[in-house]
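In the two complexes that follow, chain A is the common piece, with chain B as its partner first and chain C second.
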Partner chain A sequence: MKLNARVLVAGLAVVAPLVVVLVMNLGRDPHVIGSPLVGRVAPGFTLRPLDGGEPVTLASLRGRPVVLNFWATWCVPCFQEHPLLVSAARSLGDRVRFIGVIYEDSEEQVRGFLARQGAAYPSLVDPGSRTAIAFGVFGVPETYFIDAEGKIAAKHIGPLDEPSLEAKLRQAGLSP
Partner chain B sequence: MKRLILAAAVVFVGAPFAVAQDAPTGAEPSRVVGAPRGKALDGDALAARTEDVAGLLRCPVCQGLSVADSPATMAVNMKGQVKELLARGYDQEQILAYFENSYGEFVRLEPPLRGVNWLVWLGPVLALAAGGVIVAWTLRARRRAGSVEPEAPLPGPDTLPDDPKLARHVRRVRELAYGWPDGRPPGTSA
Partner chain C sequence: MTAALGRNLVLLALLASTVGAVVGSAAAARGSAVGWAWTRRLAYLFAAAMVAANGLMVWALLARDFSVSYVAQVGSLSVPNWVAVVSLWSSLEGSILFWGLVIGGYVGVATWANRDRHPEYMPWAVAVWLACGAFFAFLLAGPAQPFQTVSPVPADGPGPNPLLQNHLLMAIHPPFLYLGFVGMTIPFGLASAALLTGRLGHDFLRPLRTWLMLPWTFLTVAIVLGGWWAYEVLGWGGYWAWDPVENASFLPWLTATAALHSALLSERKGVLKGWTVTLVLATFLLTILGTFMTRSGVFNSVHSFTQSAIGPTIFVFLVLALAWSIALLALRIDRLAAEGTVEPALGRDSLFLVNNLLFVLFTFTVLLGTVFPLLVEALRGVQMSVGRPYFDRMAVPLGIALLLLMGVGPALPWGRATPQQVRQALVPPLMGAALVTAVAAALGVRRPWTLLALAFGGYTLQVTLRELWLPLARRRARGESLGRALVESGFLRGRRRFGSYVVHAGAAVVIVAIAVSSTMGTSREAQLKVGEKTQVGAYTLTFLAVDEVSEPHREAVVARVGVSRGGRELGVLSPRMNQYERQREPIGTPAVRSSLFEDLYLSVMNIDSASGSLGLLAMVNPMVGWIWAATALMALGSLVSLVPSRADTRP
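Coming up: the complex of A and B.
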């Protein structure tokens, strides 16, 4: 009987921590991996806009919140969030800079897409996905909200909806 | 007008500041991990080291594949950057730290020896040692408890249980199984 009690305690000592870890992580989405860049100064870049013109540097966009959207035409959720981004860019005007960064896509495809779906902000060409890798992009769409000082205030994985766009713009310092 | 002047002041004062702060992380490796610490590689050595280091990086768009093993465009691009960094003289740890800066510790296939990660590396060794200690204790306790009880000799083929009723059944089973009830063929002796 004494032995059984010991076995029970030993068994609990092994199983209890496992159960605690399991329960603690049940509500967590394993696909969401926190970005170490949130709260830090965004990686700089100098990228060519798809429609020509001067290269865009991140540093030149300082002074107001920037919405940096990594996207591709082959990505269905990107297609879903596109109208929201375009209308937000139009309605917010100068208060926020919206920038698209094209991720693993051909320039013709993107041009065709933007001609059909409408464009309200520049899309930048990212050769070798250097900027995507510097930002720690896992897949598209991913959107980074950069504040007026150039710090990454928030990151959104997956297609944006209106409430999360508003909430994250506020985190990036946009006053309502 | 006031706002215009203010804006102009911000642009003029802020411009050199902004340029100085361009690419503070990520884009330019030296800003993230400092000056190259290793020897600049080329040729076969570069190709071999590229495979080694890319093998230590997790491909972010794959399931449990290293950058060296994955054919994904993202992995190919990352491998290209690894090669470029090695050619510029960055060492393995600097390159891993460079990608970790963007992707977090997740990007390392082998958890580095720090913080809770020590458990991953030392846990098995500790568990083995603890198991050894438990076995040693148990053995010593048994030896100290004195003579282990002599085990009862195994019954031979022709022994029968003391209980006559049970003995009858055993004989019956032997007869059914072997054709004879006494544990050995008729005519042979023990």
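Coming up: the complex of A and C.
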């Protein structure tokens, strides 16, 4: 029996990475990660809120912790974490500023989503994803926790859950 | 008692399939007619055991026999009988049992249909089918176990997932999906048999293509029914979201469509046999990958069932099937030598190659977009979506290119075409393109991609209609009556060809309708008090009243919205919020009013019956209904070409 080596190599080249990816995802914990940006001053931005009004600059938010959430309506994990973010923003009131940054989405879609799902804090329009690129956003949702001095204290990738939100807010200087 | 009987039926299926796979392989290797006869009997036994096990489960669901674990898990005294039956596939263990029913049915029928044919291939094919069947019987006997005995017997159960009982389409979509997915086992077995025997003759390409086309038809319908269900139930006004599980059903569809075309070229020219077989194997592997995606919890999706030991078990099967396919291809593909050549010139043959290239490119694009987030997740522990922007950017040009190809390919003659033939073939359909574009532009279409899709759609439709008309015209020219010519060319002689072009016509309309509906819609959101009006497109909507409706298995808050256009009353639409027993979140059901060219789509965002306020999402979606209708046309065309022609029924 003759073996066609080219077919074997091509087949393995397609299949092996797939199998490796799937194996690595069996029984993973999606919430453990680090980021090179943590501990540095957050990149500045000036962005227009979706519902009009004055542009928001990062500098103007100094003085209390900021939760900067990159999200989109087409992203299922964003949908999952949305209620938690809204209720946290409502219950924490003035102690923390929550800011959404819209990632690769149409304004109309976002308006519809917020009308349906509720909104408690401004969502900013990020033309050309420039701010997302500056923060090194890889995919959505990603959430940055910025302390009162404007330094990135923590980063969360994937949908937030209550314990990580609390822990990371504490890292950003929120007293319990 | 019932549970014990069910467990024994599953064990019988496991026994029959395992022994059948071994006996079948031995019979194939030795060419033993007695062994082949026993393989068939074991295949029928496997089918019968699976059918009986499913029948028993349906009976238990209808009798609300909560001593059976699966019934205790998804059954409920408060659901209507149709929901009780549908519960069979509403949850993980039941859906695997249902898988067993479908694979049993397919194996039984395909074995019976080929009992006297292709004796050199069939024992191998049946052995491979039964090996796959054995795996699912093993899942049912081990990790899944729908037939556990529950003691003490609960008085009532929670009922199935409310999203699944929210619409009748949910009763139809999963069976079609299973018929499509599981059915790919049959061509997988046939292709494996071709590789194992080292032959893929003209006589065997026919059944291979037929048995591929049958599940392909179901899969096509299933994918669109899934979209229809999302549209009618989920309430966001769309029908496709590039959800990993939607992709999971789309991936094998892409490779199967490529395989249907390359098999045609193999049949006609004796070329690309190894490639055709590869595509068929890939299709099956993608169905297993898709099953793994839905059943493992690795992917986050509305479709995902809970995490369990079933995921890893399916993964093991996936790896085995991958290893089997690669080894078989590497060892045997050289035996499937080409008997002809593809003309290296512009003509229909070479465009078949472009077709295959585009479909494979499409497959890789979707596969990458689906798996890439997992890769990032594995490497960086990041959970993320690549999301619609990537898919839309990639799929739109590919879809439009395929639409054009569907026009240009069939227009050209087989083999090598002279420049003059090329001109004669390709120039006239420009009329169709111009006509459709002009009409669309007059109706206000401005977006370049939409206009391009419409132009290519017009081109392809003209070519397709001409190809449908041509054999009819030839018969008429020979003096046959119109009726006779129609019946002969459409349904008797050229059935396969005729059906294929009907499928093409449907597919062209589907692509155009997707292009128009996804770019030309309007939407409006409004917060209304009773008596207030809002406007969407040409429609005036009046919020008339809020009703509370109580049904046995759910409570609903219904908004009554009066619809009028240009002063003419069109009736009342009733979008609603359903509240299911034992389920915290309410689930909306939109109301859709379809007319020939557009749907008026109303969805409740929030509603308060006490204060009489309604948050309404109103959309006008053009041509969405055409997608459903054209898919029905595709299925019809496919069925026409599937009915065996006279040549096939001759022994």
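What we mean here is this: the second predicted complex is superposed on the first by the 142 of 176 C-alpha atoms of A that agree within 3 Å, B and C clash if a C-alpha of one lies under 4 Å from a C-alpha of the other, contacts with A are read in each partner's own complex, and residues count from 1 in each chain.
By our rule, a contact is a pair of C-beta atoms (placed from the backbone, for glycine too) under 8 Å apart; a residue touches a chain by one contact, two chains touch by 3 or more.
Since the structure is predicted, the reported quantities are computational estimates derived from the model, not experimental observations.
Engineer: Touch check for A:62: first (chain B), second (chain C), both, or neither?
Structural biologist: first
Engineer: Does chain C touch more residues of chain A than chain B does, or is it the other way round?
Structural biologist: Result: the larger residue contact count on chain A belongs to C.
Engineer: Which partner does A:129 reach: the first (chain B), the second (chain C), both, or neither?
Structural biologist: first
Engineer: Looking at A:167, would you say it contacts chain B, chain C, both, or neither? Reply first, second, both or neither.
Structural biologist: A:167: touches no partner chain.
Engineer: Which of the two partners, first being chain B and second being chain C, lies in contact with A:104: first, second, both, or neither?
Structural biologist: In the superposition, A:104 contacts both chain B and chain C.
Engineer: Could you look at A:138 and tell me whether it touches chain B, chain C, both or neither (first, second, both, neither)?
Structural biologist: In the superposed model, A:138 contacts both chain B and chain C.
Engineer: Examine A:37 and indicate which partner it touches, taking first as chain B and second as chain C; both and neither are also allowed.
Structural biologist: In the superposition, A:37 contacts chain B only.
Engineer: Taking the two structures together, which residues of chain A meet both chain B and chain C?
Structural biologist: 33, 104, 138-139
Engineer: How about chain A: which of its residues touch chain B in the complex?
Structural biologist: Those in contact with chain B are residues 33-37, 40-46, 57-60, 62-63, 104, 128-139, 150.
Engineer: Can you list the chain A residues touching chain C in their complex?
Structural biologist: By the definition above, chain A touches chain C via 1-5, 7-8, 11-12, 15, 17-19, 21-26, 28-33, 72, 74-78, 80, 104, 108, 111-112, 115-116, 138-142, 157-159.
Engineer: If you look only at chain C, which of its residues touch chain A in the complex?
Structural biologist: Contacts found on chain C: 241-243, 289, 292, 296, 298, 300-302, 311-312, 315, 318-319, 322, 325-327, 329-331, 333-334, 367, 371, 373-389, 523, 525, 605-606, 615, 617.
Engineer: Which of the residues in chain B end up touching chain A in this complex?
Structural biologist: Within the complex, chain B contacts chain A at residues 10, 14, 18-19, 21-28, 60-61, 73-74, 77-78, 80-81, 99-104, 106.
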